[in-house]
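You will see chain A twice below: alongside chain B first, and alongside chain C after that.
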Partner chain A sequence: MTRLIGQRAIASLLSLFGLMVLVFFLSRLTGDPAVLFLPIDATEQMKQEFRALHGLDLPIIEQFWRYLLDLLQLDFGDSLRKARPALQVVLEAYAWTLPLALITMAIVVVAAIVLGSLAAFRVGGFFDRLVSIVSLVGASAPDFWIAIVAIVVFSIGLGWVPTSGVGTPLHWVLPIAVLFIRPFGLVVQVVRGSMLSALSAPYVKTARAKGVKNLPLIFVHTLRNGMLPVITVIGDQAAAMLNGAVIVETIFGFPGVGKLMIDSILQRDFNVVLAAIMVTALAIFLMNILIDIGYSLLDPRIRH
Partner chain B sequence: MAEALLTVKNLSVDFHTARGTVHAVKDVSWSVGRGETLAILGESGSGKSVSANAVMNLLDTPPARIVSGEILYDGKDLLRVSYEEHRALNGKKIAMIFQDPLGHLNPVYTVGWQIVEMMTAHGRPAAMARARALELIARVGIADPEAAMRKYPHQFSGGQRQRLMIAMALMLKPDILIADEPTTALDVTIQAEVLALLKELQAETGMGLVLITHDLGVVAEIADRVVVMNQGEIVETGSVRDVYHHPQHAYTKKLIGAAPGKGEIKLLEAAPLLLETKALKKSYGGFTALKGASLTLLRGQSLAVVGESGSGKSTLARTLLRLEDADGGEALWKGRDLLRMGARELLGVRREIQMVFQDPTQSLNPRMSVYQLIAEGWDIHRLMPDRAQRRARVAELLDQVGLAPEHAERYPHQFSGGQRQRIAIARALALEPELIICDEAVSALDVSIQAQVIALLDSLRRRLGIAFLFIAHDLGVVRDFADTVIVMQAGEIVERGPTAQIFDAPQHPYTQRLLAANLDPDPDVQASRRASIAAPHA
Partner chain C sequence: MIIKNVLAGALMATGLVAPAMAQSNTDITVVLSEELDLVEPCMATRSNIGRVIMENISETLTELDVRGDKGLMPRLADSWEDKGDGTWQFKLHPGVKFSDGSDFDAADVKHSFDRVFSDQITCESKRYFADTKLDFNIVDANTIDVTATPAQPILPLLMSLVTIVPSETPIEFVRDPIGTGPFKMTEWTAGQQIVLTRRDDYWGTAPAVTKATYLFRSEPAVRAAMVEAGEADIAPQITEVEATNPKTDFTYPNSETVYLRIDQTVEPMGDLRVRQALNAAIDREAFIGTVLAAGTELAVAMVPPTTLGWNATLTPPAYDLEGAKALLAAAAADGVNVKAPVEVIARTENFPHVTEVGEALVDMLNEAGFNASLRMVEVAEHEQFYSKPYPEGRPAQLVVAQHDNSRGDPVFSMYFKYHSQGTQSGVNDPKVDALIEKASAATGEERAALWSELFAYVQKDIVADALLFHMVGHSRVSERLAFTPTIATNQQLQLSEIGFK
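Let's turn to the complex of A and B:
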């Protein structure tokens, strides 16, 4: 187990490095930040000073080398736009995205497992139909459309929740609800399919022959086996959410990492973009380790 | 006959499938009394498990539908009690064990948890369940019950898993135990031990035992009465002795006649040397699967390799086909070095050595027609480019294995298991091989089909002079087919010789144990064997 995680860690560090190289050079291809940051009538001399100040006048290899050295001290450089450490800016945004992602995924996982299992137990029954409808909506309706319709209906029409921004718990309701639909639709289908095959497994027959009641039959005997393929999909969806829900955050004016990343790219705030990408990559790496641990906790055959 | 504990009366069950309604069992009646063992004997598709599954409420409805009948236990008709009432009886009064204990134990829970659950599911306190579990695990012959409780199913051997299943089934001292092919997946020596254990436990508890099997030997060994089923109907019922010695129904006669191990033993005839191996070795990581196997095989010889799981017999076949590379030793195919030959030469040899696998359902590509399956080898070896010639040859091969030429356009799923194995044999024959390696090629087939396939292989051997390396665990089949036998144990050849010598005067203790554990379909032979041999307990 420890060895497995160790191997994963080394592989992940290598890919993190590769990612960093890629993003560093690619983002510099988008153009000169001095043009964007300084007023249109700025003189060439002002531009030179701006570049010198931020080390943008050095040869690009030199810039990369310096960046690397700083990175080893966890210094991602300053945000050009906000004149504060880039890492700080990113972590502030994460303070919003992380709870949003965690709360949404927690609801997704619980709802998908319970409803998906019940749907699999009685194919064609009430829960099965409910699950089909919700996942069809999630798969076919674009989330920006759902978000806007939700604002029209629940904020403007009914006035139950605010339209955008943060501040009260009510502000969280719509972003979570809109973010919930797509991953739920996907995860619940995987749970249903996986539980369907697990429910026809021979050990379920044994449990029925033992006189085990239906609820433990589903949620104790079958679920733990049925969860194995589900974990992968949950991890995948959670990782996507950690990247920041760009569209939902933008529509609801939610100051998360997705919105920050889009803004920074548009403003060529390279340091923030890089810091955001590195932190997200790290989060996804941790997520994958959690999935591995989850797997081995669920299935003793992996442990031995 | 003892007073009936459980009675199935006039039970009829249909299965509604996309292809129409199948009458799985028709008007089936049987009963079992205290301390009695009833065997339900039948081949695949006979409906032998259906009535037992109905007793346990394990039939999925739909597709199954119980048309008529009653199942009487303790004054109640189990087909008419509530779901909850039936659930409360399952495990407590009527318990069941199954063919494949690995699949039927939950892979993600400890064995201890699963055994204890048998009692906690019926409302008994966990501490009491634990004590009973420890006692029973020890009783079924598992060393260190405390440690066994904490282990998972995959950490046990097949025989141990079945013992644990039995311990689980007996937790609540049920009146009746239903065993569905309980020893089919086990090696013969393990089978003998598990059957002996079931008998002992039955004597201790006085439970009624319903044993579902396809194996006449198992019936002879353990049952008092037998019900013979064919195509959903009971064709014959009576005491095991009566049915064996005086079968009334044509099907029963056929079944008893088809039991292997009764034919004339074949003798090895002089012929040129085809294959010779010397000290062939193969390891996987730290595990040595083959510890130096030396053998010779003549043209037209039928050499059987006998052994239990893990003996290295399949590894031997795989190294000879160069599906695995041997770690050491020599193999000469018609004088040429088989282990070190280059790719081009090997391709030629691969045409000369063909293989027939155990499970034709898996070894035949389901998306290829029979014609494509048989003709594929000609593409690979660039033989017979003419299509008309190919069609004619496929028709000829199908005829040779007892199928019809018009079968060429069909797909594997349209055939029965025995027919599929015939297709696999036709495919092997297409390349005019000199050696066919059969890896448990008849084990998955019903007894009557098995006899036909063996007869087919033997006629091919005689007519075409093909040599056979016949890997098998069923000694009866081996006795009928082989002229020479090699016995393997733990990667080593422990005994070899002409078939008659191995069966009549086995020298090595392991061969003796194998033969002693092999069940004879004749109940009297089985009874006298039991009396003369004290079954060794491993």
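Let's turn to the complex of A and C:
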């Protein structure tokens, strides 16, 4: 296991470096930050001073070399627009994205496993129909539409929760609820399919013949065998959430990393873009390790 | 922070925590469309920063009444006098204190300008001074002489654009702005909110508002919903779609002018008849109340009507499709390639329904006989087409642009848009250059008359561009407030102007 993690870590570090090089050079091809930071009628002298102040007037190779040296000291540079360390800006946003992703994924996983398993056990039954409806809504209704409708119904109409923001725990209800729908719809279908296959295995028939009751049969005997493909999809969905939930963050005023990244790209705030991508890549790398560990726990063959 | 957020989320899930929304009935909440990157006084001319800082935290020597009633008014300067040779003397209001308790004096004024002109930080207000060099002579604590080289006839007006900070302020962007204004910043939680609290030791009249909390939501429907749900009191920018409640929603001219910038150096736009045809082909009235909000006005100048030198005799070009076709035919008969490709370039999200406006413009131009197509671009790409140097080997391009001038004087617009050296100019006309230079140096009635003459010349004589609309903005204001948004709301939101019913 340790060896596996070590191999993954080395491969991921090489990928991170390659990603950093790629983003550094490609982002600088997309436009001049001075033009976007300064007003449209700024003089050429102001633009030149801005470039000189931020080292943007240097040859790109020299910019890269300086960036690399700073990076070795974990200095991602300052945000051009916010005039403070880019890494600090990104970590502040992550402090909101991470709990949002963790809580949402935890609810998604529990709900999808329970409802998906029950749906597979009684095909065409109540849980199967419920799962189909939620999956269909998740797959077909756009996030922004669900979010706006949720605000109109639950905030303005019923007054149960605030429209947006992060001031109190109640502010988290709508973002989590909206963010829940799409990954739940996907994961629950995978759970259902995987469990359908697992429930038809000969050992399940044997267990039934031996008088094992329904709930232990599903959640003790069968679930573990049906979880391998589910973990892959959960990892995929969690990675998407770690990238930030741009729509949900935008509508609910949630100060997460997704909106920060989009704004930084549009404003050509290179240091924040690079820091955000590196931190996100690191988070996804760590999550992949967790998935590998999960695989090996569920299937001992992988450990060997 | 992460653990705190996880705990908060977990508490939410158990329903153990209820929102704490208690506030004084003279506290208000303002929901803005974009978060502030900086709360830096020398960036206060940037509209999203200005709405929080300008005349709330930081004040200026003079103040322009952009509604057009009172003109240039005293603020930190009680009076000013032209001493000749480019020197203006400003008498400062005595007894003013900054929010850190220090006294305001002439040295603070000098230091504020030193910061603006420093190459150690990039202050936005510097752009208004372009090639003008300022020298400061501190006569006494409450008197300062400012000499502009070359002489700057609107120096007192320019003083309304620079906020004053204490002499101790470092020459770098600050995160805790100190000013002489009626409010001080008491909290800034990045990404979430900014809180201003009323000062008890303010030198002027105490505002009715005791505390203002600024929140940031990019979705206009959410901003409007927040006022409706009682979570906010003012949403300065909502869209027409949300502005449906006559009790709370206001429509007002927002000082933005939309126009088509014509680059006259590329065929067929160099021909006057082609430019006249272009203007005649556009049915401006058809946009209003359809893709643009009711209340939008037809533009006859680059600046709004509250600007010095406004020429009331000008009228918008009449829609005349047959006339446009005839003009194009006449140009074609003289060998002008009127079928040369014309790109209409517009910026996504520049203003509501910009894509529909672009599509309609292209249809109207093609109906008249142009060979036009629409190209939607994002902000950085738009800038490459809008500002010099223009791309080499380009076809004829009509750039859909929006320009804001709520500064009261055309000098902030006309050089950039029409002078042959102007950054966004498509014009190269010696008379235009001469008029701009003469008007910029003139004062009083002569200045107004020269600007007025220039407005007429560029619109009627040389048809420099296709002026389209003076835009309107929409705001939602809680019924408990006594506040009516105006043209000033686009740049600043003075809390002292807000009362309670």
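What we mean here is this: the second predicted complex is superposed on the first by the 301 of 304 C-alpha atoms of A that agree within 3 Å, B and C clash if a C-alpha of one lies under 4 Å from a C-alpha of the other, contacts with A are read in each partner's own complex, and residues count from 1 in each chain.
By definition in this document, contacts are C-beta pairs under 8 Å (C-beta built on N, C-alpha and C of every residue); 3 or more make two chains touch, one makes a residue touch a chain.
Worth saying up front: this structure is predicted, and the values here are computed from it rather than measured.
Residue contacts after overlaying the shared chain place A:236 against neither chain B nor chain C. In the superposed model, A:53 lies in contact with chain C only, and not with chain B.
Of the two partner chains, chain B is the only one that A:211 touches; chain C does not reach it.
Looking at the superposition, the partner that touches the larger set of chain A residues, chain B or chain C, turns out to be C. Within the superposed three-chain model, A:255 lies in touch with chain C and out of touch with chain B [touch as defined at top].
When the shared chain is aligned, chain C comes close enough to touch A:35, but chain B does not. In the superposition on chain A, A:143 makes contact with neither chain B nor chain C. By the touch criterion defined above, A:201 lies against chain B but remains apart from chain C after alignment on the C-alpha atoms of chain A.
Once the two complexes are laid over each other on the shared chain, residue contacts for A:93 go to chain C alone; chain B is not touched.
Of the two partner chains placed around the shared chain by superposition, chain C is the only one that A:172 touches, whereas chain B remains out of contact. Shared interface residues of chain A (contacting chain B in one complex, chain C in the other): none. Remark: chain C residues 1-2, 5-6, 8-13, 16-20, 35, 37-38, 40, 45-46, 119-122, 124, 126-127, 130-131, 172-173, 175, 190-192, 215-219, 221-222, 225-226, 228-229, 231, 378-381, 383-384, 386-387, 412, 416, 423-424 touch chain A in the complex. Every residue of chain A that touches chain B in the complex is listed here, in rising order: 201-203, 205-213, 216, 221, 224-225, 298-301, 304.
Across the interface of their complex, chain C is touched by residues 30-32, 35-43, 46, 49-50, 52-53, 79, 81-84, 89, 92-96, 98-100, 102-103, 148, 151-152, 155-156, 159, 162-173, 176, 250-253, 255, 259, 266, 268 of chain A.
Residues 56-58, 87-92, 95-96, 98, 100, 103-110, 117-118, 121-122, 152, 154-155, 165, 168 of chain B are the ones touching chain A in the complex.
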